[in-house]
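Labels run A, B, C, D and E following the written order; every chain starts at residue 1.
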Amino acid sequence: MGNVDLLQVQGLAAVLFCLGFAVVLARRNIFLVLMGVELMLNAVNLSFVSFSRQLVGNASLTGHLVPLFTIAIAAAEACVGLAMVICITRGKDSVDSDAFSEMKE
Amino acid sequence: MNLTSSLLWLLPVLPLIGAFINGSLSLAGARTLHGPSRGFVALIAVLAPAASFVLTVLLAAKLPPAAVAVMGPAPTGAPAFTQVLWDWLSFGSVHVPFNLLFDNLTALMLLFVTGIGTLIHLYSVGYMWGDRGFARFMAYLNLFMFSMIMLVLGGSLPVTFLGWEGVGLCSYLLIGFWHTNADYNDAARKAFVVNRIGDLGFLLGAFVLLYVVGSLDYRDISAWFQSDANAAGIAAKGGLIAAAGLLLFFGCTGKSAQVPLLTWLPDAMAGPTPVSALIHAATMVTSGVYLVARLADMYVHAGALHLFGIEFTVLQVIMVTGLLTAVFGAVAGLFQNDIKKALAYSTVSQLGFMFMAAGAGAFDVALFHVFTHAFFKATLFLGAGAVIHGLHHEQDMRRMGGLAKAMPIAHLAMCYGWFAIIGLPGGSGFMSKDLILERLFGLSGTPELGLMVGMIAVATACLTAVYMSRVMFLTFWSPSRVAPEVRHHIHGTPITMAIPLIILGFGSLLAGLLWTEHIPQFSLVFFKNFLEPVVGPAQALLSPPMAEGAGTGAHHGASPLTIAAWGIGAALLGLLIAWANYRKGPRGRTVAEHPGSEPYGFGAAWTWAFDRVYDWVFVKPVKIIGLLLYWIVELAIVGGLTYAVAGIANFLGDGYASVQRSRLRSSLALSAVGLVVIVVFLLSQLG
Amino acid sequence: MIAVEPTVLLLPLILTLVGGLAALGAEPFLSRAAKHAWLPWVAALALLAAGVAQVLVPFGHAHGLFVLDSARQWLSLAVLAATLLSIAGLQQTLSRDDYPGGEPYALTLFAAAGVLVMVLAADLLALFIGLEIASLAIYALVGLRRDSRTSNEGLFKYFVMGAVFSAVFLYGIALTYGATGGTRYGLAVVAGREHLLLVGHALLFVGLLFKVGAVPFHFWSPDAYTGAPSAVTGFMGAVIKVGGFTALGALWLNLIGSLGGAATTLAHGPLALDATVVLTPAARDTLQPFALMFLVVGLLSIVLGNFSALKQTNARRLIAFSSVAHAGYMLLALALPQLGRGELDHEFALGSLWFYLVGYAIATAGALAALAALSGKEDANDSMQGLAGQGRAAPFYGLVLTVFVASFAGVPPTVGFLGKFLVFADLVAKGYVVAALFAMLMAVVGATYYLRLLVTIWAGQPKEPAHTGSSLMGQWTLAAAAIAVVVLIAWPNALINGKVAPHAISQTAGAALAERAP
Amino acid sequence: MLHSLDAFLGPAYFYLFALAALLCGGGLFISRHPINAAVNLIGVMLALAGIYVLMGSPFLGVLQVLVYAGAIMMLVVFVIMVLNQATDHQVPRFDGYSAIGALIPVVLGLSLLRTLQHSPHTQDAGAVRGEVKPMAAQLFDLSANGPGYYLLFELIGVLLLVAVVAAVLLAKRSLDTETPENSDVAHKEDHHG
Amino acid sequence: MYYLLVLLLAPIAAALIASFASGKDGDASYRLGLLLSLAIAGLGVPLITCMTNLHVEHAWFTLWGTNASVGLRLASDGLSGWLIQLVTFLTSVAILGARAQVGSRMREFLACVFVMQALMIGALLARDLVVFYLCYEGMLIPMVVLIALFGGAERRAAAMWFFLYTMLASVFMLVGIWYIAYHLQTTDLALVVASAGGLPREAMLPLFLAFAVAFAVKVPLVPLHGWQAKTYAETPGAVVALLGGAMSKLGIYGFLRFVLPIFPHESVQYADWFIVLGLIGTVGGALVAIVQDDAKRMLAYSSLSHLGLVMVGIFSFDPAALNGAAVQMVAHGLSVAALFVLVGVVEARTKSAQVDDFGALVGRAPVMAVLFVIAALASAALPGTANFVGEIQLLFGTYRGIGFAAALIAGLSVIFGVVYLLILIQRWFYGRAGNLTDQVTDLRPGEVLAVLPLLIASFFFGFYPKPIASQAGVVAEALGAAPRAVMRATAEQPQSQPAAIVVTTSAVTSHP
């Protein structure tokens, strides 16, 4: 929309990206870590959409198309991620990421 | 050149074939019960040098008469047969063919080398008959004959060196022939190593000579030195030539057991007695004299040397070295109880005489003494060998005595040898020693030195008479001290040992007749003339030619007859002293007090001191340096460095590897920091 | 460069996928033994067919989205070869372990397909999809031993970190898209958005540096390498490196090209990987920070990788750290020539990287397949102690492992040597003599631990005979690979001397792209 | 419909959604239980869906709600419920690492913002709205000169297949094919496990 | 001309055949390997008889950033030809000698040995820096495997040391090659030699050192010999025969072929260093050998000593010495191989090569004793052996080219060289039986066959060295032409004037 400041949209995307990153880095619960990643992906989608507003023609459309793919990829990643969680919690009854730190240097 | 020349190669090859056959037989028979057939081995072993001897005689007879070449130093050199077998060494501009040279000097050497060699082979057949390593021994002896013939026949220094080292090797093998005895092995090793020390001098001397002359061929060398065209070059390079001479002489001191490299020879008596006779008395040890004579032209042209302000020539060095050795050997010989060691020191002493002569510029006389010495010393050794053999390998003279009756042949032969060596008229030793004294007293250039050396030489001759007579008294002419259990089993002398003994015994009496210039009625200078083509020019240069014949030799107050009288007097005096001291047996401590055959007394201490000094100055330091190098440099520095590097790497490995985190969040945070750093860095660069 | 029908251009990819589908489809109908007996052959057949196709497919591009050129052909072949080796290794491993499922074969092929996409891609989105296909498949493969703690931990770390850096990479795509208006490689930047382009590329590069395991994004590799079955480790180490470095190199080449050739890149379409691009002074100034970053990251990787590997007692962990070092060597190839280095200081090409990559891929897959054969059931014997003397027990595997490890160590006459040789020679020619010397010394440090591995397998006394579980396919592929690792040194030209004139790309495709450009 | 909102309402809605997204994002960051986090994440997604619509991409907005918030997050919540861990409550939300961990993205974010500031962000009049028809046309343009996105679309299919297989491989209790000769083994393994 | 290529590839083929065609039966592999090695040896003979000057070139690749086209440039001349004879000959010897030690692992042994042979041949034929490096460095891995597989108790450390030393040293050479390629735009040896003047002055010294160090380690030259004793001691005798007999010659070959022609100025300028180091090695090596209690270690230091002398000779640049170096390379290869094979036999029988463990072996193993003594004498450069020919030329060249003192010091090794060998002979073969004497049996026919030809060859060339001297030696002389020219050009007073003699000489008047 004409009046929305695209810089602010981009800023929002960047902040959300970093927020997601922060979740990944700060939290120990594996589910939260995975959700942090999802948040990052979402933020990027926003960035795409925002950029598409600044471009013309097919180039502009690309910005709308890429998130389509991204959502599918995110779905696939979430799927595998959850399977991973199921798999590893089977061996070790914990969803604490620090619990998986047996391999030393 | 012609058929005669083309046969030269056979001379060394015949014994080599013998060595090869006997060596193979020895190896093949090593596993069998009795070893290879001794008769066959003996046949091969004796025939090989005998054939060489016959060939030598034939060739020598065919040599152009010496008189033809006496016309002066012809550029073509002395008459000779030569044979170039093939190109041996060739590098850069240097070409050393593998060539053989058969001239008068060679002929002389070969005649007694192969002649006496054959006899000693024959003797060995008897001496070693019962030994398990009979074939091996014969193979070694034949190999020695090959090497010795190569030494003498070689036409250039490298070819001679081939024989030079070869005889050293054979000497090593034969000294250590009874290899289960550690002392014998040590003695053998010592002989080889000391010889090698000398050989280094030989090599370096050859290099210097090659650098100066551009060739190592004897005839080229002689021609180069004799050529007037090179006079300026010779003068300019006198120092280098002298250096070459010294170095080569150093090589000779090793081979001929002169001061300072003489300590190996007494120890070398560990070998079987025929070996001592052949190698360590008659042939190998005299090769130093041969080499000096061979290079006479070089020695007379060598420049003067300066050391501590004294100017001297190489020949003087040789003379003084010979003198020292002669005195040392004679003194040491006085105190030996081991019959072979006594003879060994005698050899050392006699070799000193030879070098004295050579140093005086009388190369022909030196060679004459070599020749006569070969006979009488071989006789003595073989006689001693017969005694030892008869006494079941008893070598201690304190356990001998009164053997004259038990071993008449040995006694007789040794008497001949004794007669010759102490220099009583009629023996060959008298002739050659007399000539040496005459040349010393008649030394031109530095007569004072000659007089001094000559006087000491006379004294030494007296000592010679003392210790040799002592040997005879203790062995044959004093009351028997033979151990009772041995006394009843004294062997006679087998025929194969007796024949050589007798022949050599007569030889030691008669060999002197080849050069009897001072016996008025019997003036025979065959020997001198025979060598004239080879060493003549050099000697002529050194001392102005004198009129031949009696009465002219002495310009320093000593006529030949006086000198002869001096010599005879010294011999008689020595005999008297020995008679006075030893006719009843040994003096000093008895066997019971001092068992074994270790040398003791003053002379023994002397050689002991030599060994100790060498041990402390050379042998021990070498080992210590080796160990130090090994421990400090090899293990500590090189090894330590390597370990240090490995340690640092491991340390770093530990340090860096610990960057690896085990927690996900830590790893991820570190990666994130990396990301941030990259982005921030990029932005900072973008401004 | 001509336009090629996508179905033709992507034929190898399609064949690989078909193979994967066939394996997947057949899997439920086979008994456990039959799975491991037959599925690998299905996969191998597909891979061989794909390999043949890869040789036959004409060079060109499809929609400017996928490109095939000489370098990409070699790299694809390397991927296929590495996959074949890994399939063979997997067969040995899984049948030895009596693994209950046959899915790993299909997943391996899918992952290979993903990497092929990465290799062929000339578009960021395609690259990302390929990367995700490969990653997801490999996550599963890493976690293959579901009951193993180490396997779980490796999987967990690899997955989470991979997901995070995928997101970072994706953000890079977004920024690049914002800067250029498209997702194709090497598009001209819209005026005023250079910062976006560069930061976007920084994120892209970081994402790829993570994939190739360069310091400081390497933390996953030791754990994932150790957690995965050896055969998978080999596969992962080989193909992910190929995919990641191909993408990295392609992006870098295109970035230089686009900045240097200004708008022409867009007009002329995708660059061939073996192209030599012009490095203009302006581009040099702009890109210097990146070049520096590659150098620093490269050298850091070399140092950390090598020194960390030095003290490892587990063979796979050792190889993991060494792979970090290898990533470092390869990164050095990305350095820009210094000014004043003769007439060539304005040219840039990546032939040495491609060669290194091809050799490294085959050696890695081969080495770990051989290691898998030597390290016994469940790969339990992969410590230095366990491997001691196994070369004596199984000389064939010892021998081929020796060849591969020699290649790692950069000892001639192996591709590993020539790869290092070419990379470092480039470095010298570019003016970084000291860096080259340093890297060489580090390579010697690296050789130390490789040597330790070799000495261990040959010098030790085997405690128990190796449980090699050797298979026909394993032996033949390994033998072929070992020979290839040596023989390939004869033909570096195909990769390093493709002196393609700058931007020698099909005009038609370029024009087509240009049409759609704003 | 929404695209007809006038110029004033656009920014207002944007700020509303942005605020919601940030709040939910913060909630995600601090939430104790994964379920809370999931709810927060769904909030973010819904807010973003609104912004997509504002940005002229209604199709994406719809997808965001349907697929993301609807399908994916449901799956997440489901798994969380299945694996609801008692031990999880003993794990502190934040610790020393968290502070460092949170700091890094801050620096990154500042850098990104600075980068973004450096480039113009003007809306282009020629920008195409992300409606279904042009997107579909672009996506399924099979012409040789087309962008070829359909190829990627096919690849997404592969990706999803891979994801399914991977998920099965990782998560399935027993991998054995239920054939008669294998069932014994499978049972044994189950007992063993 | 494909002959050179065939020669290069034949051992590779042999390696493949040996490793695939032969089964686990050690004896069958042994016979096959022997046959193959003899065939290869026969194949190489034309290099010194009828095809002495060959050249072949195949394009390979162009170095990026340069016009330097790296090519498979192979050529043979007398030096290469003779050293290749040595390599092929010693390979057969190693196979013959290794039978007892290798046993059922013959297949692995053959594979490694043939690969090594191929690379050694390649290094000797290469006339391109890169190709040379490839082959030179490539020998490491098969060697390491051989050491690791068949070595003694400390084989790990030995393999590591060997590898690290050689690898670390040649790294610098590789960087040097790049630098040269970049600056001269070629890696063709002939072109590099011709245009070496075009290299930046300041780079010459590092480049020279890079090459020199790489070769010095392999020779080895003090103080880069740390690997040698350990490696030799831990490696089976038959392998050392190849390592010490043939491979170490490649270091010297490198000096002759690369260092002297490419860096004549530096070679002359820093010749003193190499001479001093060589002399230290010559004398120190011999001294250290005397105190060793392990026969292989002793022989290792002996090698250090002999090859140190060769280095001294090379850096005298004297034609005689260079010629001697060529001869000595072959001669030393023969003698040291014979010794190591024999020691290896003892080791195979008893698992020990300690000096003190044996005694009176002459009784138990007379054939071994005879061969050992002859080999030792050859090693001690007794006249009549090829070693003598080499050493006499080296010493003379040292004297003429450097000075008397150098020749004297170098000559000391002639003395020490005989000491340790005699000690070894005495301890092993003479005296009283040692505690392991009982376990020694005499040589088997195959082992005799391994040693006897070496000794026969040594004596043949001792009496008739002309083939080597006139082919290899002449090439070596020519390779030293460049430094000699530099010496002539730079020094006003000729360096070849022998320096001070022990006794100062006066202005010299010969005796009147």
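Here is the rule we go by: a residue touches a chain if its C-beta (ideal position, glycine included) is under 8 Å from a C-beta of that chain, and two chains touch if they have at least 3 such contacts.
Owing to the predicted nature of the structure, the values given are computational and were not obtained by experimental measurement.
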item: Joint neighbours of chain C and chain B, given as chain labels; value: A, D, E
item: Between chain A and chain E, the fewest steps along chains that touch one another; value: 2
item: Chain closest to the middle, measuring from C-alpha centroids that were averaged per chain; value: E
item: Far-end chain from chain B, centres as C-alpha averages; value: D
item: Result of counting contacting C-beta pairs for C-D and B-E, higher pair; value: B-E
item: Chain centre separation (chain B, chain D; CA means) in Å; value: 102
item: Rounded Å distance, chain C centre to chain E centre (Cα mean); value: 42
item: For chain A paired with chain D, centre-to-centre distance based on mean C-alpha positions, whole Å; value: 6
item: Chain A and chain B, separation of their C-alpha mean positions in angstrom; value: 98
item: Chain E: positions in contact with at least two other chains; value: 164
item: Where chain D touches two or more other chains at once, by residue number; value: 97, 100-101, 104-105, 108, 111-112, 115-116, 118, 120, 126, 147, 149, 152, 156, 159, 162-163, 166-170
item: Shared-contact residues (touching 2 or more other chains) in chain A; value: 10, 17, 20-21, 24-26, 28, 34, 50, 54-58, 62-63, 69, 73, 76-77, 80, 83-84, 87, 97-98, 100-103, 105
item: Chain-chain contacts as defined at top; value: A-B, A-C, A-D, B-C, B-D, B-E, C-D, C-E
item: Contact footprint of chain A on chain D as seen in their complex; value: 3, 5, 7-8, 10-11, 14, 18, 21-22, 25-26, 28-29, 31, 34, 37-38, 41, 44-45, 48, 51-52, 54-57, 59-60, 63-64, 67-68, 71-72, 75-76, 79-80, 82-83, 85, 87-88, 91-95, 97-102, 104-106, 108-109, 112-113, 116-117, 120-124, 126-128, 130, 134-135, 138-139, 147, 149, 152-153, 156, 159-160, 162-164, 166-171
item: Residues of chain B that touch chain C when the two form their complex; value: 649-650, 652-657, 659-661, 664, 667-668, 670-671, 673-675, 678-679, 681-683, 685-686
item: In the complex, chain B residues that touch chain A; value: 657-665, 668-669, 672
item: In the complex with chain B, residue positions of chain E that touch it; value: 161, 164, 223, 225-226, 229, 284, 287-292, 318-320, 323-324, 360, 362, 366-367, 370, 377, 382-384, 389, 392-393, 395-397, 399-400, 404, 407-408, 411-412, 414-416, 418-419, 422-423, 426, 429-432, 463-466, 469-470, 473, 477, 498, 501-506, 508-511
item: In the complex, chain A residues that touch chain C; value: 10, 13, 17, 20-21, 24, 30, 33-34, 37, 40-41, 43-44, 47-48, 50-51, 54-59, 62-63, 66, 69-70, 73, 76-77, 80-81, 83-84, 87-88, 90-92, 97, 100-103, 105
